[in-house]
Amino acid sequence: MGILDKEFSDSNIIITNFDNLMNWARLSSLWQLGFGLACCAIEMMATSASHYDFDRFGVIPRNTPRQADIIIISGTVTLKMALRIKRLYEQIADPKYIISMGSCSNCGGPYWEHGYHVLKGVDRVIPVDVYVPGCPPRPEALLEGLLKLQEKIRNESSVKKTA
Amino acid sequence: MKSSKEIFEILKDEFGDKILELKEDIPVDPYIIVTPDSTEKIARFLHDSSDLQFDSLMVLSGVDDNNPVKTKNEDGTESLSGGTLSVYYHLYSIPLNHKIVIRAVTEKENPMVQSVESVWKTADWHEREAFDMVGIRFENHPDLTRILLPYDWDESSFPLRKDYKNPEFYQGMKIPY
Amino acid sequence: MLELFTELTGNALLGMIINSLIPLVFVIPLALFFVWLERKVSAHMQDRLGPMITGSHGWLQTFADVLKLLQKEDIIPADADRKLFTIAPILVFAGSYAAFAAIPFSSAYIGSEIDMGIFYVVAVSGLVVAGILMAGWSSNNKYSLLGAMRSVAQIISYEIPTVLVILSIVVLAGTLNLLKISEMQTAYFWNWFIFGGPEPGLIKFLLIPFMFAGFLILYISSLAEVNRTPFDIPEAESELVAGYHTEYSGMKFAMFFLSEYANMFVVSAIVSAVFFGGYQSPFGYLGNSLGISWLVPIEQFFWFTAKGIFFVFVQMWLRWTLPRLRVDQLMAVCWKYLIPYSFVNLIIIAFLELYR
Amino acid sequence: MSIKTEHMVLNMGPQHPSTHGVLRLELELNGELIVNVKPHIGYLHRCFEKHAEAMTYPQIIPYTDRIDYLASISNNFGYAVTVEKLMGIQVPERVEYIRVIFGELQRIASHLVAIGTYGLDIGAFTPFLYCFRDREKILSLFEMTCGARLLYNYIWVGGLSHDIHPEFVRLTREFLNYFRPQVEEVNQLLSYNKIFIERTANIGILPAETAINFGMTGPNLRGSGVKFDLRRNDPYSIYDRFDFDIPVGDGRMGTVGDCWDRYFVRVLEIEQSIRIIEQALDQIPEGDVSSAIPKRIKPPVGSVYGRVENPRGELGYFLISDGGLNPFRLKVRGPSFVSLSVMGELCKGHLIADVIAILGSIDIVLGEVDR
């Protein structure tokens, strides 16, 4: 975050508690951008559906990027799509997080060699917080990715820059 | 139900020298080679004729035949040029339950085939795809633009040609791994 | 109640402020509770669990949501009309909050006991339309605009059957004052207007079917007024992304969000006030039988909230069961069916009242 | 005096909740009325055909999974059938039966997604989750057999990657017994819902002739009343041994070929798939599943067009072999690709909400549209 980094050289007890509360709010209410790309999107849907139930963690899909907090890049990012994804990312209000789901968006996946129209990793256009490996990752893997992201948010501070 | 041989005979009677040959010796599907400048007329006949009734175009594929002609340059090096591109039409008749494959061969230098979009609407997108991937131009097609690749993709770059080279960048994004 | 606060603080202005803040203290936790309830109800209907991690059974979920929305960046699109864009959510929230002023929570507390209370509530809910149209127009987004247009057409159309049905109750009650209407239906549930009103006699029984019809019309049109399924076309997720609030983020969105749920309670409160006795208990009061007079208002408050929550629950139930109508079908339902039916209903009820 | 007006252009997608993936529809609107619809595709073009030219025949199978990721088994199936046709391989009986069982289970799973997301498009959220819940049970049957939930790489040229689990037959029967009443539940919740019928009947009417001319296949063609199913009309594998009906749209709620018909054909097909699976489970012989897998797949020079009935229609592979280890050209005819081209024709004169209804009813998978 770093919104207060000029005023305080070090965090004190009030800031810490305030931080904890704010981080807790952020990590408990990660609204996901309802947006699927390819095969992984089906697993993402399965994760939100009855059996795995993303809603347990407070993740609900929002269709407009303005109201979303995380964007799960679920599938192959093609060159035609890459700039749209960048734009979607820019439309999300801060603080925002990215989960890259599946090999394709991590690094191009099975299309890394001959994919003349495939972007080899979504991190070439937008910054990624958590990479979830798999082709496609199981819903459990995506849940694990979400927990990792929550862990990351938990350790954020409004005083010191984390990145 | 008619065999390829019979269909070939019917077409030969109707169109004469526009129908080049029937290829039956290689497995599995036999095909009829036609000239690219008359595919629309042939298609119209295949679709409308009461003996044939090919009401459905299953698939239209553009293929790079990969048969360039080797020419020796003056300095002794060899260079490849020319060759042919083909369009395969897989036709099926739902009422008569028979199939045929038509192949139109065109020059790679200036690939031009008549569009069959007016006969089978399926051909609309398939021809756009063949244009997009292999670079075959279809005469009289209403909207021959790229379909899968971005509209601003390099104009002379067709990925499914055998001599295709990957560009290094597209709009500032690196393409190779 | 106002007098009490004035006496306590010794200042009329301070008393007024406290008096007007009471609904806010009530409405915000209520809206948060409804959001949580909606998620739990939908989850259990769909064979899921819903929020489970944030607090026991996720009861803290909506607090976290709002706290998070507070932290979010407040985006105003470059091409948006900045003033209108900022005012719109405030107006929408103000509209739904202002409606609480005339709603009788119990015989002891009503924000303002005005004689045309029900008229005021219907009118002030109209502010919401202005806010939605502003939001849609100022966002400079096609989806927002379409959503806002739909919303305005829908809410204004459905106001007509709502008012007609309310008029039929006014004909019976002879007053627009919501407190008096509630007071009339006192004692037991057969005095509720849905069962023909407090006055006994043959006419009471003749009224019952028309009252049920009126209730259905009112409930259906109230669904449309708060943009709930099957009439949620202004924010139809699968068509218009998020409708009129597509461009809103952070706290501005939270205002839309909370006012939507507050509105749900307002319309439920009206339905229960005019047909189901408002704050009145269906079986008499424990306070009366025990002789503890201060218990009665508390009981009334409980019954009022319970009825409101029940009707909100039915709204949720419908939402997670039914598909949504198309915009022209929605208009057809209103103009071709609800308005003529409610007219006929009003005329019959008026005649019955005339020959009582 | 007339006021000058112009049509509004609305871009739907690539990120839009009901475009079923990354599809962009360019809508030209007159108020809420559609003047013209132009689909823009290619946002998921993953160069399958280029990969096929660079890979050996067995290596291509995982890529075929990813063409239509809702019906991976059917894609494997089509590819295996095509290559076997070119090489003249006869696969063992047991393999054929397992392939049919898996193909039909996959059809049920895919139709469940189609039905569920269609409900979602129309605004009913709950049937979607019920469908996903039941689909999950089918996925666990697949998982038990080959370890994967979504993309299986299960049907190989000449055989299968694994034999079925000893418990598979019993569990599948158990699932079918559980599942049959669920179809009825979906019907009550969605198919016969008055609002649902209002939204879908008489919308997006596709006459049989237009459907054939546009190359529509599968449930979309049958919804228009054409009784055409590759499993019956051009049988492959062992589909000619089973007794099943081909449901067609009959205009029960409106006109033949409207969205409701296309939707309901899918529901009826689920029931037929259950019938096929039950027959296959009864008849399945013992045997080996990998005996016919060739050591090295090197088909002769030639070309072949193989087609199978995918849940979305006719999935065709046009394979040209030059006698090498890689195909010379492998062209995929995706049913969704062809079906999507009819959008412009169907949407004219309807409202925005109908575009969603029509798009959902033709049930596309973008992976297969763009390949």
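We call the chains A, B, C and D, going by the order they appear; numbering starts again at 1 in every chain.
To be clear about the criterion, contacts are C-beta pairs under 8 Å (C-beta built on N, C-alpha and C of every residue); 3 or more make two chains touch, one makes a residue touch a chain.
Note that the structure is predicted; figures quoted are calculated from it, not measured.
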item	value
Higher-contact pair (C-beta pairs counted), C-D versus B-D	B-D
Averaged-CA centre spacing for the pair chain D and chain C, given as whole angstrom	45
Centre distance in Å when chain B and chain D are each reduced to the mean of their C-alpha atoms	26
Intercentroid distance (Cα basis), chain C paired with chain B, Å	64
Distance from the mean Cα position of chain D to that of chain A, given in whole angstrom	31
Shared interface positions of chain D, touching two or more other chains	16-17, 42, 45, 47, 50, 129-130, 133, 370
Interface hub residues of chain C, defined as touching at least two other chains	46-48, 237, 241
Shared-contact residues (touching 2 or more other chains) in chain B	148-150, 159
All chain pairs that touch each other	A-B, A-C, A-D, B-D, C-D
Contact footprint of chain D on chain A as seen in their complex	33-39, 41-43, 45-46, 49-51, 63, 65, 75-76, 78, 80-81, 84, 88, 110-111, 113-118, 135-136, 138
Residues of chain D touching chain A in the complex	14-17, 21-22, 42-47, 50-51, 54, 62-63, 66, 69-70, 113, 128-130, 132-133, 135-136, 139, 149-151, 366-367, 370
Chain C residues touching chain D - in the complex, by the definition given at the top	42, 45-48, 142-143, 146, 229-230, 232-233, 236-241, 320-329
Of all residues in chain C, those that touch chain A in their complex	39, 43, 46-54, 58, 60-61, 63-65, 67-68, 70-75, 237, 241-242, 245-250, 253
Of chain D, residues touching chain C in the complex	8, 10, 16-18, 32, 119-126, 129-130, 133, 189-190, 193, 195-196, 198-199, 351-354, 356
